[in-house]
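Quick one: structure below, then a few questions.
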Amino acid sequence: MSETRQKGLARQQMADRVALEFQDGWIVNLGVGIPTMCSNTDIGDRDITYHSENGVIGYGGVAAAGEEDLNLVNAGGQNVTLKPGAAVVHHADSFGIIRGGHIDVTVMGAYQVSMGGDFANWKLAGQKGGGIGGAMDLAACAKRVFIILEHVTRKGEPRLVEACDLPVTARGVVKLVATNYGLFEPTGSGFLLREIAPGLTVEEIRASTAGTLTVAPDLRPVRLAG
Amino acid sequence: MSETRQKGLARQQMADRVALEFQDGWIVNLGVGIPTMCSNTDIGDRDITYHSENGVIGYGGVAAAGEEDLNLVNAGGQNVTLKPGAAVVHHADSFGIIRGGHIDVTVMGAYQVSMGGDFANWKLAGQKGGGIGGAMDLAACAKRVFIILEHVTRKGEPRLVEACDLPVTARGVVKLVATNYGLFEPTGSGFLLREIAPGLTVEEIRASTAGTLTVAPDLRPVRLAG
Amino acid sequence: MGQKSKQLASFRDAVADIPDGSTIAFGGFAMPGTPFNLIKALLDHGAKRLTLVANTTGGAQQPRMPDIGMLVENGQVAKVIWAFTAATRPTDVLPFTKYYESGEVDAELVPQGTLAERLRAAGAGIPAFYTPTAVGTELAAGRETRVINGREYLLEYALPLDYAFIRAHRADAAGNLRFHRSQRNFNPVMATAARCTIAEVDEPILPAGAIDADDVHTAGIFVHRLVQVPPAPEGLWPTKRQERAR
Amino acid sequence: MGQKSKQLASFRDAVADIPDGSTIAFGGFAMPGTPFNLIKALLDHGAKRLTLVANTTGGAQQPRMPDIGMLVENGQVAKVIWAFTAATRPTDVLPFTKYYESGEVDAELVPQGTLAERLRAAGAGIPAFYTPTAVGTELAAGRETRVINGREYLLEYALPLDYAFIRAHRADAAGNLRFHRSQRNFNPVMATAARCTIAEVDEPILPAGAIDADDVHTAGIFVHRLVQVPPAPEGLWPTKRQERAR
């Protein structure tokens, strides 16, 4: 993801907004990049279990320098810690947890999200091969899929699109999208803007969105604290 | 199985004969009844791992009275011990071991064995329901199936038959059959008598066998020690 | 995670909300790992039209621990899904048999490994799979098979559960479990397949984290309710194998 | 069991008999559980036309540990079966990429969970299964699907292995293994799928029985050869995550 200064929300703020959706008792899988930052957000005493594809159930924050366990990483390869009550399983069991519908939400990055809730995050146009990792399993099987992405590409092209022109990761699964411009829901026939980022206008957002944009009757500023 | 005095080999002797077939390094699953007795046989320093359906890999003899672990049983429900190097897995993994072809031999009892290597051991004629347990998995998936059974029923009817009239457990899988009359191989077109029990004649055996009986050119007495 | 304990005060509380018509699996293979105390609570609770998933019924041996055959005799059961619907020893007659023969209770007979795999599949999001087990037998009659690499396989479907009743040796408040020896058997597999897993536990429930992450047999995310088994005679414990009453 | 130790003296001995054309899986997810020492031995051994099964190649990061991308660069590889055939970060170019783009090496891209399940299926005697993963994507194009209970699923086949190269934390002479934390990952699954599993082990090999039966992660029946990893620098050990060279 770009480090370029973008309009609207900062990366951590996008993660913060999504993290506010996590409910007490949820099992959450965070993808590499901005989604990982959701675990930094203070959401009070809600009891969240973070699951990682490699079979770690209940990991905590990144380990302090000098205290890393080199045999303990999250899906992004960071040396993390364990929370009390953590457990480790092997890869087939870990994806049994995913495929079996035991993950309440997966948060992922994406190149594109469509009005129908498709998304694309594993292959660029013209690329031979791709990086699927666990994304297709998570996308097809988690109870909910939330996506965090910059609203436009570095070239200024919309990432919220009528239909994905990149190869999709899964179809019709995205429930919520956070961009630096605001919070959206794919509705099938468009994107519903529910919350708007500071400094943005609905017209600016509409101009940067390729699909149909509808605006929630109770549109409000992006919520950033519980 | 009947406790009545039968001709030929005693129950432990049938088990002894089969146990002599076990090769160094084999993983062996023993069914309830006479097959269990195979683990009593001294086969020298051959390294055998006994596997039980409930996930015990590497069990040893029956526990001495007063030293039973009430949470440790073999497939017959006997309180057994563990050998050094034993491991315990759950039922899906235990049958993964079976189905995956990791069992070198399963030894089972049966009501009938056919010339084609079918056998029947889970349901009697006219019975509603049956007792399959792990027998169908073991029969279909172990590398070898050996059967131990009394040569005739209590009524004197043959158990080695041209075709099973009882519902089969698996088809074409039996490699070796030990009865109190001798050691046999189903060949497809008959039973090959390889070893004969003391006190029996080929003619007596032929009269008690429903399928075609052929006699090995090197027919010899049943071997009972390594 | 693990901030709130999953421990309940009694077996009665643990089964109180189970509705009629539920599909419930029971761990255990012979004595080890059998949730005797939860079975007893379910007998008292009285839920009806249940489907019982288990290896077998128990019941041919005397004296009898509370077993799932008693749920049948108590009129609580519509159907069973078992690897044994008759005793291994044909001369033993199970208490279950007369209810089955009369048609009062329906039964589905499933090979033990297929039963374990169907439960594992339900927990792991696999809706169906192929197995060599039971091909060419009465159980495969009229069912879909498929030849793969020259061998014939039978199609089997996942078996999802409403509840799993299991027994473990040790638990922490987050629901992480350890089993002792062959107590493990079906228990971890059933736990993954159920919407609600209830575990009776031999030892006092430990604080979350008291079981090292590498030593957990069943992860707490699969376990919803824990009850500690009290000492005998109030609590039910495995006993030495009884000689069969012949 | 366990009378004879499975320990070998060197990594060279452990891989000496591997023939050209073998299908070999490599455990590991990021650093933990990656069999660096066995990879190095296979580079020295030189077996050709290999099929490599793994999560990913590694290789975009510097400095580099011996990784399976080096087997590609060394001309030993015909095909790879991976969950990543490109880096997660599109700006990273893997050393593997040019061999793939030139057609010198073939690749099969498999979702990570499907890869794990195909390996698990191979070990557990399941020739094929259905999964919801990848339905509706390019990976499912032209392939067999089936609707079960109203949902569409993709048919996937078992992936059997000739060899599994894995890394464990502790082993006994009978081959029983324990892994430390996320070192576990693919390793136990690959071990079940291979005709021959070779484990490199962090700690000195213990006598059979030194790991309690309830504490075993991978049963010794799945493990054929053990080699202890010597101290660095002779032996290769995970290091702190390197910053990417951009």
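Think of it as A, B, C and D in the order they're written, each chain with its own count starting at 1.
Please note the rule applied: a residue touches a chain if its C-beta (ideal position, glycine included) is under 8 Å from a C-beta of that chain, and two chains touch if they have at least 3 such contacts.
No experiment lies behind these values; they were computed from the predicted model shown.
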item: Chain of greatest Cα-centre distance to chain B; value: A
item: Averaged-CA centre spacing for the pair chain D and chain A, given as whole angstrom; value: 28
item: Rounded Å distance between chain B and chain D, as computed from the means of their C-alpha atoms; value: 38
item: Where chain A touches two or more other chains, by residue; value: 56, 82, 88-89, 92, 95-96, 98-99, 141
item: Per-residue multi-chain contacts in chain D, two or more chains; value: 117, 120, 124-126, 131-132, 179-181, 184, 213-214, 217
item: Contact pairs between chains, per stated definition; value: A-C, A-D, B-C, B-D, C-D
item: Contacting residues of chain D [partner chain A, same complex]; value: 29-33, 55-56, 83-88, 90, 97, 100-101, 107, 109-114, 116-117, 119-120, 131-139, 169, 179-189, 217, 237-241
item: Of chain C, residues touching chain A in the complex; value: 1-4, 120, 122-126, 172-176, 192, 207-209, 213-214, 216, 219-222
item: Residues of chain A touching chain C in the complex; value: 27, 45, 47-49, 51, 56-58, 82-89, 92-93, 95-102, 141
item: Touching residues on chain D, where the partner in the complex is chain C; value: 117, 121, 124-132, 146, 148-149, 151, 153, 157, 178-181, 184, 213-215, 217
item: Residues of chain B defined as touching chain C within the complex; value: 32, 52-56, 68-73, 77-79, 82, 88-92, 94-96, 98-99, 123-124, 127-137, 140-141, 167-172
